[in-house]
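Which chain is which? They are A, B, C and D, in the order written, and residues in each are numbered from 1.
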């Protein structure tokens, strides 16, 4: 099924700061939202930022077809995201979407979602999607510290939720992969979906491989276009260098040739 | 009635706006965003003799008003192009021009002669200016004698319109342009990317896997414009200009400097419908200035 | 304690931040904005054999993340410099280095030998790369044999530290760098401006009176960084890097690429106190990264 | 007398649109205003405009030492001025000032000020200054059309005011130099101060020369630095190429070598 990509001026309906580094940006579309799947992303034009020349990619955190809006969960990294954090209600944001492939629909009900940092972004959309398909996933999310733990009640609506913080101020102490969930010889899952920092995805992929659990990760990469024409965003796979923005961002870890 | 069509080495383009190789895929990727029939032509991604995986990632770095890339001619080779891609794109209502790349003279000749067989491809653009491949690539475009040689060799096998794309990484663009014309080029395209570098100060590492890469975008526009102007005044073949064109005003500047057509490159990443908007913008400019034929703009810079 | 001082060809700079010729006047114009004693050195405006009025106006065009200039070495000549300007600036608490320019080999030699007599000038920067003068200027910096010749001629009369400033408008910066080192240069400065052009589409005219001019600013940083890196790896003399440095991070990138010191150019126009802020920023970076000696950064790019 | 130049973040206290193309920007300083003279200008940093790299020069339209503020009269020309037109109260603007020389104090009381377009900007400050020196000038200002005629009451406080509009919708019809003031063989002035488009300044200078009236003009030029170091802003004078930003912007027309 081909999903048509579109360039639109979306309107900011809210910009909610979650903590010092993260905010939720809700954007309403001028036309009915296109069909979108969890794992897909948008390419945002950051106007009025002299140092931001290219668009910035963000996962779709939520898609609300009734409100005709999408929500992005953004972490402030540099100039582009800082600019977005200052957007006010009513301002326009030019966006290309929806882009990329999506997480696959699992053939099992025993599903674990693992996210770290702003890598949790696509997992909320994925949780909702799984629920619609009668799957209640286990959700494990890692944060730096208590202050950054957010949207837990929202996730809890869609699955059983576990938390780690790097400093132990909430949930289990340590990295996501140190969580007690993983301290078993036979994990009670047939599928893992994972999104977060590279090191985390590598670690989770290693566990999944050892335990022969199917695992999908959503990769980041430096993107110029986001729709497959510049070939800047490749990742080595069993089919050669593939584009993270078209053949990805979601890849089954079996297919990845990680360094 | 305004005339937007231009004739370049016997080939008529419905308007002077085309898209640059490596920034527009094979054209069909833009189907969701625009009508390809609205622009003059599409220069498709580089085609080489056989499959190339290109360089390792990261391949991209953003810079002030520009970007560096080190894609390195990733493509599946000329066979794949002819079998899988050509049938898919050949009937677009615009000129499809193939960017022919290689590492050796033989590879250029082979690809050119294979593309020569394709009915619906009216021209090739010989890429002797890619800074992102270790062998060949830019070397052919920076040494005049080599530029002549590779152009001549391709000229011998390629019977349609031969365009050659020049590298801006040279002391004298005029010297290279003349060398390429001597080799038999019908048209000159300029410029390809400028060799640059980006560093991540925090990690104390180069950003690109290849350390250096090709700079494109508005940052290079002044240099590209200057080279188009120099070459337009020095040779007798048509010039297709590009480098940092982001809007119709930029495009008009290149026409005035002597481009018979222009290519839109990096701008496609930021607005995938920009090429059509540029066509409209040129038309609006002509109406505002009472110009009925776009050919009046070409080389129309007033310098007295 | 962090050490910021660098030794370049026997000359100690209190820190690696200096200001680029043509963008900092004679230094005293910045007295209202900053303390000159805080920076490593000042490269003053080009000095030629006799008075020059420079080019007609307009001499400036803004471009994407940069600007073009075609000042054309306007200055009142070496006599005036020695009599009127030198006394005014000689006791600044920083190195004052004179940018020596000319149209002929003889002019370079004459100016260099006159400046040689000035006690408080520890070095000259030979400008063989100005794109804005019809004769000489850039030509000396784009032909290797001429670069060697002019450097050698100046070397013969100039007894202190001889720096030579290279043009980026060349096919191989390494070749020119080697030619200049062969001629006896102690230090290489790079880069000067890139030759560019700007057009006013509404008036269909070039913006600069000279049609083309020199491009500076962040737009050229990737190209300048690449050249510094190439030259640092190819020659055995220290390199002073510049081109688009706007802040401490940019400066650190140039140090990592192999610059022993850096020059701040166009950025002075936007923030006249920026050079001092860059000194502070380098210090802060060193503290953050636990670096006690700035010399650890020089050429410290990790590429394995 | 040396006036010390300074770089400061001024705060926008008001931004008043006069008409579609012009607005008044009042900026308050964090410290007591420096000494400033009519004809001097400021160099404004336009942040957040990707296409505005260099600072933008604007004449000081008014300096109010009690409010500790300066007012700029700005015409929207391109991206930089458009950005300034959107500035809101409370926002900061980084400014280098005061720059350039100034209009000379006249030795006569029979003074004519002539301004066109945004060239009127320095004339208000000049009028106030003349008043302080017991001179009530005649002020002739030209506008495109009635809609753009503005601040007339303000000028009227300081001198006798005359108006032209290009389309005749207010005041006399035609260009400034076509005004009846100039239709005399012996103008009743000993000094003319003029600021506006090049063609206007040339025409006024020609009249002044014919009638042997001393005339000062405030020139525009493309500036990179604004404080004398780049040598981009020169104008040919009897002393060679001089810098409009230091030896100018005000020049006695006798000294100019106009093309």
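Assume a residue touches a chain if its C-beta (ideal position, glycine included) is under 8 Å from a C-beta of that chain, and two chains touch if they have at least 3 such contacts.
Everything quoted here is computed from the prediction, not taken from an experiment.
Chemist: Name, by label, each chain that touches both members of the pair chain C and chain D.
Modeler: The common neighbours do not exist; no chain touches both.
Chemist: For chain A, which other chain has the most distant CA centre?
Modeler: The chain farthest from chain A, judged by C-alpha centres, is D.
Chemist: Please work out the Cα centroid separation of chain A and chain B, and write it as a whole number of Å.
Modeler: The separation of the two C-alpha centroids amounts to 36 Å.
Chemist: Cα centroid separation between chain B and chain D, in whole Å?
Modeler: 47
Chemist: In whole angstrom, how far does the Cα centroid of chain B sit from the Cα centroid of chain C?
Modeler: 34
Chemist: Please compute the C-alpha centroid of chain A, do the same for chain D, then give the distance between them in whole Å.
Modeler: Each chain reduced to its C-alpha mean, chain A and chain D end up 55 Å apart.
Chemist: By residue number and range, which residues of chain A touch two or more other chains?
Modeler: If we look for residues of chain A contacting two or more partner chains, we find 50, 52-53.
Chemist: Could you tell me which residues belong to chain C and also touch two or more other chains?
Modeler: 61, 63-66, 217
Chemist: By the document's touch definition, which label belongs to this structure's chain graph: line, ring, star, complete, or other?
Modeler: ring
Chemist: Provide the full list of chain pairs in touch.
Modeler: Those chain pairs which touch are A-B, A-D, B-C, C-D.
Chemist: Report the residues of chain A in contact with chain D in the complex, numbered from low to high.
Modeler: Listed in rising order, the residues are 47-50, 52-53.
Chemist: Any idea which chain C residues touch chain D in the complex?
Modeler: Residues in contact with chain D: 22-25, 29-30, 32-33, 45, 51, 53-54, 56-67, 69, 71, 74, 217, 266, 268-273.
Chemist: Touching chain C in the complex: which residues of chain D?
Modeler: Checking each residue of chain D against chain C gives 4-7, 45, 51-55, 96, 221-236, 240-241.
Chemist: For the complex, which residues does chain B have touching chain C?
Modeler: Within the complex, chain B contacts chain C at residues 61, 63-66, 68, 142, 169-171, 194-199, 201, 203-206, 211-212, 215, 217-223, 225-226, 229, 244, 249, 252-253, 256-257, 285, 300-303.
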